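What follows is a set of structures for review.
The two complexes that follow have chain A in common; it is paired with chain B in the first and with chain C in the second.
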Partner chain A sequence: MGKRVGMEVSIAAAEAVKQANVDVISAYPITPQTHIVEHLSEIVANGELDAEFFCVESEHSAMSICIGSEATGARSFTCTSAQGLALMAEMTYIASGLRLPILMIVANRTLSAPLSIWNDHSDTMMIRDCGWIQFFVENGQEVYDHVFISYRVGEDRSVLFPTIINMDGFILSHVIEPIELIDQEKVDKFLPPYQPLYRLHPDQPVTMGAFALPAIFAETKKAQEVALRASLPKILEVWKEFGDLTGRYYHPVETYKAEDAETLLVTMGSIGETASVAVDRMREEGRSVGLVKIRLWRPFPFEALKQATLHAKNLVVIDRAVSVGGPGGPVASEVKAAIYGEPLRPTVYNFIAGISGRDVAPFDFIKMVDKAEIEIEEGKKDGYELYGVRE
Partner chain B sequence: MIENLNVFAVRTLTQKEYFAPGHRSCQGCAEALAVRLVCKALGRNIIIAAATGCMEIVSSPLPYTSWRVPWFHCAFENTAAVASGIEVGLKVLMRKGRIPKKKIVTIAMAGDGGTADIGLQALSGALERGHDFIYVCTDNEAYMNTGIQRSSSTPFGASTTTSPAGKMKPGQITWKKNMAAIAAAHSIPYVATACPSYPLDLIQKVRKAADIPGAAYIHILSVCPTGWRSAPDQSIKLGRLAVETGTFPLYEVERGKYHLSIDFPKLKPIKEYLRLQGRFRHLTDEMIEEIQDRIQRDYEILRERSKRGF
Partner chain C sequence: MIEIRFHGRGGQGAVTSAELLALAAIHEGKYAQAFPSFGPERRGAPVVAFCRINDKPIRIRANIYEPDLVVVLDASLLKIVNVASGLKPEGMIVTTSKDSPEKVREILNVKNRVGVVDAVKIALEVLGLPITNTTMLGSVVKASGLVQKESFIPPFKERFGRIAEKNIAAFERAYQETLIV
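== the complex of A and B ==
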């Protein structure tokens, strides 16, 4: 067991970046990501980490610097939120297309308008298809752990993809949690320095970022798609190794009292911990309710999700972002797509809850399950509601 | 200024080509020539970060490449930031002993659109941070790659596809943005203007930029026959006329000190330069006079600065 200390989750994230011996850090301040960069700048200023730190003039440049430095073979890190992520969105697609294993922590925040600094998933859902490995973590420990896991997976020569760790802004970024730190020796063994397959260097000149005509573009895109899907076994393997090292085992989909449940809540991110409290209360009342939490958002864990959900009668999927004018929340869309081909599948009821940091308490989950169960019983097949809106 | 420039240019330059022949640039493209000379000036120990634009599109159709040096294209507006990343990446890897220590020159290359318009913020940020790189703007005075649309670097009076000369408007109605002055305002150690019609001057400036630690900015006028509606065999001549008429003076700003590379006691009339280009064909005598006055005034200011040194 490593040392267990109480610290703010943003500080823990920065400490992990330090322990990962990152070479280049480039970021632009935006609430609620700021504490991570502030602490990293201190770490570099104090000489605790030998890295180049740049607080640049925009998020677009923050990601662009990471793209440039990662292409030379330097382990690179950035973090952002909401509008900042929107500004660098163009670059996220390029980073993955060029197969540069950058790590970015997104302290999830609502995308304007109206302007809001509070937490939901509308920012990261905007770049859902950017081709990065994407995790949604539930607590500070997961943020800390996934810094090492992300670099280890992303830099593997069979993978070579950038990674996003999504952590809920404020709800995670600004709270103090007990974090079990890993000894540096163990980190170094788990995460050796990055050895790129190709790097920008005159000794071995390469062209990176060529343009593709229609005759070859589809083939390159397919190669990217195949490679991102194929990263799943590597992610599982690294999670297993990490578990053996620390005792903390992670899975693409986590379940809680789900095996025999008729109704399953499906969540993503920190809201899962609150949902588990609601599940306990409902179980105490003798109700058959369980919880499924999606940790790996890309590559989407279709098989694991099916295994966790197909036996149930009802799925109550909680989304933290609206697909305005669309079929409901993005998580529900994915869940429906995953189970669509199954002859016997649960009915999905989709709630959008807790957008822009609106609190979602255990009783809210109970109310949502109540409503979904009644309406599905009455024959509703396409339940969808923006929960808790005052009308 | 050296006489018989062509003789010197051929004899003293390396025979090696780093920007390989066979690329797809238009006939008479002086931008391709500028890029070729920049590479020749520095040799193989360089890394180029290129913006989207003509030079990118003519040189890198997957799976082919014209680049015999490491070359990286990311996007349009962020070349200065990408080059910053390359520079710091190399620096930290050398410091940490993960790659051998040696001098590698990082070059950012972008056109006028990628520099004066969409790339200005990233450039300003990079110059302010003081990265040790050379930013080369190859200025052909419009968005030529997308079909001759005006940029903020398009000269007054030029007809482009988005500043067409019509009954109400005489082509571009704004004056060319002075990018070299904007770069110099960042107090970087070295700023220069150059033109491939003066190859030795260009090469010397690129080498100087590489030798001086810190950020350097070189603004290269690159004649574009396609966009300027000029004859491809007139590109070198047009570059010379741009300099000789004072339209595009060649100068350096070294640690804040201005120095005219070539000073002409008497500038050639602007008409000689304008008449070879279809993009100016609609200009009235009054407009030409207005341009002439402005050029004369700007040139005098520059000459004074060069005499004063700041």
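== the complex of A and C ==
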């Protein structure tokens, strides 16, 4: 084990980007992502990292520059939040369509209006279908580790996809905690320089993102869809290798005291840690409750989710975003879709909690489990509620 | 696990206090976490910051509702904010004040242990500024014994550079002058 160093999670993220030896950083500051960009600009200005740092005038340009630089074979990085992500949304589809392994950290923040700077998942859910590999992390160590993991997976010639690391704004980005840093030598071995399959170069001209008539577009889209699904084995392989290197093993779906549980909480992102404390408290009272945490959001790990949940009676899925006028939260929709074809499946109860940074404490999870268990017992199917709203 | 809540006013360094305490604990090989009550920064308005210290990894990411220790960086808050809210019966309050610890206990109407130091006076004399963040940490260490004094030196040096020595001096004076009941 390496030495644990106390630092802000945003600083740890920036240090990982430096250690990943990126060539191009292009970003526009927005709360709560700001500290990552500030620290990276210092790192480049101090000469600690030989990279081009582009101060752009908008997030649309930030992503456009990453697309251009990555297309020439330069390892590229950006990060944003909320309205910034909304402004770059158009270009996220271009990046994945061109199969450019850019890395973007999204410090998740609520989309306005009303104007809010606090954390939830409404920003990233807006671009859920943009065709990127998408991770959710629970703590600073996982942000740091996934910078290396993301480039390693995305740049693999069997993958070639951009990656989003979703880290909860403020709840992770502004917290000081211990981070175990990896020696540069180990990083370099794990993450060799990017060797692009195709790249823009004047001597060997290629066309990227050409016009596609209806006669060919569907085939292109299918190729993208098949390839993103097929990235799963590579992600598993890289996680295994990273685990062997550091002792930290990651999985698409992770469980906590779930194997024998009648009721399972299902979470995604940093609330998973707090939920595990709530599970401990409920277990102490003799209740049969466990936890399932989704780490890999795209490609969605259908099989792993089924393995982790099908034995349970109740699933209490906690979402951090609302599909307004729709079926509830996006995570619950995916969970229901994953288990729909099973003859014996748990009943799903969906809470939307922690909208716009409202605190979610262990006792909140206990209240949600209480309510879901009672209502399911009374025969309610597909329960759905915005938790803790004053009416 | 020990949970600490800091009360201050925007600009006094409550967040910095929480961060330095966490960094000192991590320096000792402990696990720790520090975070502000997230929001737009407002100079002069009451703010809170949080710190947790544990021997094992910390898995909780919610605010602190039942602290073991409350630290107050501005004496005027004692009368306008319920700083003792949720404080555990065996918990403790450490505050800056010109009053005696007995008097502070009376003002707060609590039975808890109370530590008092005139941090504003020390900060003005040593630093030349009424910023009480590092001064109050000296008082916290004296009153709670949570973290070793020496563990603050590396984070102070990293955070304050050439004015680290002055902050260490203010910290040390508060450590010596803290009164506890």
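Remarks
Here is the rule we go by: the second predicted complex is superposed on the first by the 391 of 391 C-alpha atoms of A that agree within 3 Å, B and C clash if a C-alpha of one lies under 4 Å from a C-alpha of the other, contacts with A are read in each partner's own complex, and residues count from 1 in each chain.
The criterion applied here is as follows: contacts are C-beta pairs under 8 Å (C-beta built on N, C-alpha and C of every residue); 3 or more make two chains touch, one makes a residue touch a chain.
Please read these numbers as outputs of a predicted model, since none were measured by experiment.
By the touch criterion defined above, A:Ile271 reaches chain C but does not reach chain B.
After superposition on the shared chain, chain A has more residues touched by B, the comparison being chain B against chain C. In the superposition on chain A, A:Glu375 makes contact with neither chain B nor chain C. In the superposed model, A:Glu385 makes contact with neither chain B nor chain C.
Of the two partner chains placed by the overlay, only chain B lies in contact with A:Ile65; chain C stays clear of it.
Judged by the touch definition given at the top, the superposed model places A:Val24 against chain B, while chain C stays out of reach. Overlap of the chain B and chain C contact sets on chain A: empty, with no shared residue.
Interface residues of chain B facing chain A in the complex, by the touch rule stated above, are 44-47, 49-50, 56-57, 60-65, 67-75, 77-78, 80-93, 95-96, 98-99, 104, 121-122, 124-126, 128-129. Taken in their complex, chain A has these residues touching chain B: 23-24, 26, 50-52, 54, 56-58, 60-61, 64-74, 76, 90-91, 94, 98, 193, 200-202, 204-213, 216, 220. Partner chain A is touched in their complex by these residues of chain C: 19, 22-23, 25-27, 29, 31-36, 38-40, 58-63, 65, 155. Across the complex, chain C is touched by residues 4-6, 32, 117-119, 170-172, 174-178, 270-271, 273-274, 276-277, 357, 359-362 of chain A.
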